[in-house]
Amino acid sequence: MAPMRNILPVLTVIAAIVVIWYGAAVWLNAQWVLDTAARQDREVGAAELVMETWSQDKPQLPAPHQVVTELWQTTVEKNITSKRSLVYHAWVTLSATLAGFGLGTALGFALAVGIVYMRVMDMSVMPWVIASQTIPILAIAPMIIVVLNAMGLSGLLPKAMISMYLSFFPVVVGMVKGLRAPSRMQLDQMRTWNASKTQEFFKLRLPSSMPYFFTSLKIAMAASLVGAIVGELPTGAVAGLGARLLAGSYYGQTIQIWSALFMAAAVAAAMVGLIGFVQRLTLKRMGMN
Amino acid sequence: ADELSLQLKWVTQAQFAGYYVAADKGFYEEEDLDVTIKPGGPDIAPVQVLLGGGADVMVDWLPSALAARENGAPIVNIAQPFKSSGLMLTCLKESGIESPEDFPGHTLGTWFFGNELPLYSWMSKLGYPTDGSEGGVTIQKINFNVDPLLQKQVDCATTMTYNEYWQVIDAGLTPDDLVVFKYEDEGISTLEDGLYTTEENLEDPEMVDKLTRFVRASMKGWKYAEENPDEAADIVLENDATGAQTEKHQKRMMGEIAKLTAGSNGALDPADFERTVEVLMSAGAAPVITKDPGDAAWTHEITDEALD
Amino acid sequence: MRERGTDRASHNKREHGTMTGSAIIDARDVSLTFQTNDGPVHALRDVNLQVEKGDFVSFIGPSGCGKTTFLRVMADLEQPTGGDIHVNGVSPEEARRQRAYGYVFQAAGLYPWRTIGGNIRLPLEIMGYDRSVQAQRVKEVLELVDLAGFEKKYPWQLSGGMQQRASIARALAFEADILLMDEPFGALDEIVRDHLNEQLLALWARTQKTICFVTHSIPEAVYLSTKIVVMSPRPGRITDVIESPLPKERPLDIRDTPEFLEIAHRVREGLRAGHAYD
Amino acid sequence: MRERGTDRASHNKREHGTMTGSAIIDARDVSLTFQTNDGPVHALRDVNLQVEKGDFVSFIGPSGCGKTTFLRVMADLEQPTGGDIHVNGVSPEEARRQRAYGYVFQAAGLYPWRTIGGNIRLPLEIMGYDRSVQAQRVKEVLELVDLAGFEKKYPWQLSGGMQQRASIARALAFEADILLMDEPFGALDEIVRDHLNEQLLALWARTQKTICFVTHSIPEAVYLSTKIVVMSPRPGRITDVIESPLPKERPLDIRDTPEFLEIAHRVREGLRAGHAYD
Amino acid sequence: MWIVLGILAWAGGWALNVWLAGRARSRATALAVPVIFGLTLIFVWEAAVRGFGISPVLLPPPSAIVAEMGTSSHILWEDFVQTVIKGALTGFVIGCAAALGTAIVVDRFDFLRRGLLPVGNFVAALPIIGIAPILVMWFGFDWQSKAAVVVVMVFFPMLVNTVEGLRDTSAMQRDLMRTYAAGYWTTLLKLRLPAAMPFIFNGLKLATTLALIGAIVAEFFGSPIRGMGFRISTSVGLLALDLVWAEIVVAAIAGSAFYGGVALLEKAVTFWHPSQRGQG
């Protein structure tokens, strides 16, 4: 709750990671530098070697500053409507993510309510919900896209569906737990007041599930983003961070891959942070913190 | 205008310049067609898109098209703009490979999805086992890039004359560091980018008419691209939505592509077809096609009409 | 599970009950057995009890003898496995639907996301009271339990004893005919307890509610009740029902009178009989 | 936060304390202020207290007056913000490291993943007792609190009162010089409570432990203690320390003697002074 | 015809389940209800494929998948060993053990906790499909790189859960340990680890599904010529969808069994937790 206190530790950890990263870059990229030099009959000194490992075009592991430079060039220095702007691609992915997140949350919520209130659903659906998540989505994503395409759905929606497939699960699990969080006594109280099912839901079960709800939302948001990216791969590398990752991988553009990765993580972190903010506001209004 | 959609086998690049040029130069419009070009990628099986109704016609390679046909997909080749194969095996000279005799004991990386079959058939012709046993080679599946070769995870890797080979060069290796074996030269070449549609479409006269006009305009695009490679590359770049392509690479690619389309007027040469089938069926271990698909897998109906 | 009239005392009481037609709570041979992994637990066996309108009934008995369970049966929170129980002449379920109960649970059980005021307002909202009536009631009961000024605080900002008082206020806020209170004054010190005892008696005298009250304190039971029910465990049964001869008007120092001490003695003896020690 | 010797009474007591060299607990001007969001809460202010070896000290006072806090300070679970406290002549921390304390918390706090036996064995394991000794001790204390036969049960399979007894047994299982007990008999009925009171007195007489005991029951405090500490809230301070003239040998009916009633009266008056009512 | 049958089967199966669920809860019904639900679903699938004449290269009928599982059982087994046993299981064990160890270290040093967890959350948000190719590049084509991907995937959920669990002791439980003058390790062993178990199992359960998905997905980015991910990705290209779905079925069964196993273990270890006791 007090982000300020965390800044020093976070900076320390980041600094440590950056140092390790530079070291790893030297280690992983050195072979290539040495081979190139050998082919060119050139000797490289230690300093030269290090500098060259940090400035390759297609390194095995790009150095942090290379990624940062690329990020800078593709976000700040490009018009955000340009196809070469990472902001543009991030937006494409984000819109599918948000759509999938919304759908997934709604579906997960509905299923959870059904499971909590209907015994049949509790017994029959839950095992299959779990089984559904053991299916490798990357394998069936192309088929989903094709089938939806055949049904005349294209563009944002197919991606959102895959996003939904990944994001409804954490919501179901979390909300079932949350809606069942009220103690026996709290439920009994409602009974003595002869509260209706709706009253019980809105005045007891829903408020008690709030902490679980927000935790699930955070996980679901991260899952949605992965879903949107997975969904972008088989729509034909057109646009979005997924397409960017893919294109980067065909052409061995590791720097481009890493910057797309970081952009994705930043988008996820921002969205999760936003949910956290809403969570704090809500819980504060509910007097819980 | 009549709507028609085309599913490509790969991402937007000069490999498909003919179609982009035809669209950009208005050749499709002249034929009263409104063509949507859908880029592909490694996770897209164009056949699925075609059968699912997401496209009317697709670009595919004959090996995977035949494999799909044997698995119950009623698809037919209607035109073949690419005459020769751009596939080759690129090896690092430092690994000691200079000729096919040197293969044993080395790891050969290849793309799968049917692309591995010519290689298997070559190895069986050479008499090398492919299970990594003594005196044989190890076959490794690699993805559609050249990293495994650059990082020496494999000694040889499949590349296209127009794309991956140049990525190796761009990475800093010189042609002198490499040894290449073109499939075309080794007698294991298979037909690449052809145009395919479903049997159902071919029974529909209206569709046949549309496809005819499409093939005609596309071939016009191809010939234009061959003659104006730089302009064609620019058009391709224009259409790349990922923003990941570079001008240098696309211009070079266009030049190489022109060599592959050169010998074709768009009609499939039945001899090439027979050769492809033969290569695929002699692949040994796990052939993807087990029986001769016969002439039903291709038709001259469209090209005859279009190119008369 | 059901065992009928094998016991002389309960048989007698049953007849007695039948004669008074106005019994607001009328339990006949009520038994309740919990099925657990270790086998059945007989929480109640052949419990017979008649409570008249306006009675103040205390339940006293060793831990685990079934006091809470019996309260829960009355409130339709638990189904008896044998016997009959009627409340206001109808089944407990029907009575519950008519919102006949105000229940104070053994633990406070306030909703942490509602303020003290909001917690007390909750049953009023559910029962559809007018907004203005709600505000009025909340104010009244908060004063009754000495919590005026704490309306806007959240439960965790109060000490344990204050929370318990808030939960009492919540049960008093709406017009329930029957108050069921399960050890409501457990965590309070003697002085506060005395004070609340007085308040409760005043309220009872004023409203003519019927009150069922569980306590571990013998003086408290004697001081408050018109009827003291002594229970013994395993299986839970009623061993004694003492009708109090004390007047309705009870100052605190009534606790030093011989009548009071006599009743207390009788309760203590009854209680002792239910224990293992000598 | 720290305010020194402004108060006559506490000054006197301090001098008294200095004279007895054997004080096992020696608190001088102990203050403790909690910093909360709403501002500081003065839980304890200028508390002075000397406890001799073998004393049985009861703490009594309204809810929230700092009884628990003072026990926690003694046990080094809370650091005073002012004043000094010594236990056995060393700091509470040092005493804690020497394992001087047996602490019974206000709630039972048994570990749910251990059986009752396992819970009682826990401190013995930590302190490295022999296996055979462990088994022996567990058996003994279970009998002491009447829970023989429940060794293999898990906490949630017991009623609230039984859990509380198990937690008392846990504190008695090892040889602590000082027993700190925070309302240990809160949820028990009078009979069990009397029984455990007797047992505790017997144990105390036998072992010469020093016991600090928090309770809300005046008779209990008077019956058990050699010294009764009355506290008042906001800020928590000691308002009276009563040395009991009762003999060490105390049958239960000592509670009807005039001496007893007189002490009880004095405690009640002290307690009442700390309350808002009249 | 098939469509009507499908609708009938759906209605029938659901009605049967409603009836079963209304009866007393027993081991048999607890098992039967989901099975009936699953069978109904599969039948509806079969009926839909036949009824609507869906091409087998888009969605094969369950009957074809089962037949394929029979004929290709040796391939399925080989792939299962490669992906699940070598890749997923190794990665799962290494990842969870590493996370547990790290959690204890992080928990010991608050500075690390406050620094590492936010950064960790960020790193955990890196999409797996971005990381997999990189790890394949570093660790080679064989199962080691799959295990590495699984390690990365399970590490943070496990870490976060464990850290949270280690902090989930009540003040009183900790104070009790203090009065015994119990040291750090004693407290960890006797109080905090047992108390953390429900959280640790939450993490483990999440990790089971992640491990399997991770191992399969990683194979899409490079693998020897066997493995479930390899088979799925190459077979899609050849439109051998029967085989693809057969692999998916194996994955789902393996995943559910893995999850079920961990859930059983959880029941045995955290029998004392209210969430476990509630269902009796």
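First chain written, first letter: the chains are A, B, C, D and E, and each begins at residue 1.
One rule holds in what follows: contacts are C-beta pairs under 8 Å (C-beta built on N, C-alpha and C of every residue); 3 or more make two chains touch, one makes a residue touch a chain.
These numbers were taken from a predicted model, which means no experiment stands behind them.
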Intersection of the contact lists for chain B and chain E: A
Fewest touching-chain hops separating chain B from chain D: 2
Path length in steps (a step moves to a chain that is touched) from chain A to chain D: 2
Whole-Å separation of chain centres (CA-atom averages), chain A against chain C: 54
Rounded Å distance, chain A centre to chain E centre (Cα mean): 18
Rounded Å distance, chain A centre to chain B centre (Cα mean): 35
Separation of chain C from chain E, taking each centre as the mean of its C-alpha atoms, in whole Å: 50
Residues of chain A engaged with two or more neighbouring chains: 60, 138, 142-143, 146-147, 150, 233, 249
Contacts with 2+ other chains: residues of chain E: 58, 133, 137, 233, 236, 241
Contact pairs between chains, per stated definition: A-B, A-C, A-E, B-E, C-D, D-E
Residue ranges of chain B in contact with chain A within the complex: 8, 11-12, 38-45, 48-49, 52-54, 143-147, 150-151, 167, 170-174, 177, 240-245, 249
Touch list for chain A against partner chain E, complex: 5-6, 8-14, 17, 28, 60-61, 119-120, 122-128, 130-140, 142-143, 146-147, 150, 177, 180, 222, 225-226, 229-230, 233, 242, 245, 249, 254, 257, 260-262, 264-266, 268-269, 272
Partner chain E, residues of chain B touching it in the complex: 45, 47-48, 51-52, 64, 67-68, 71-73, 112-114, 139-143, 147-148, 151, 153, 288
Chain D to chain C touching residues, read off their complex: 60-64, 146, 157, 159-162, 186-192, 195, 216-218, 268, 271-272, 275, 277
Residue ranges of chain A in contact with chain B within the complex: 32, 36, 39, 57-58, 60, 82-85, 89, 138, 141-143, 146-147, 149-150, 154, 233-234, 236-239, 243-244, 246-253, 256
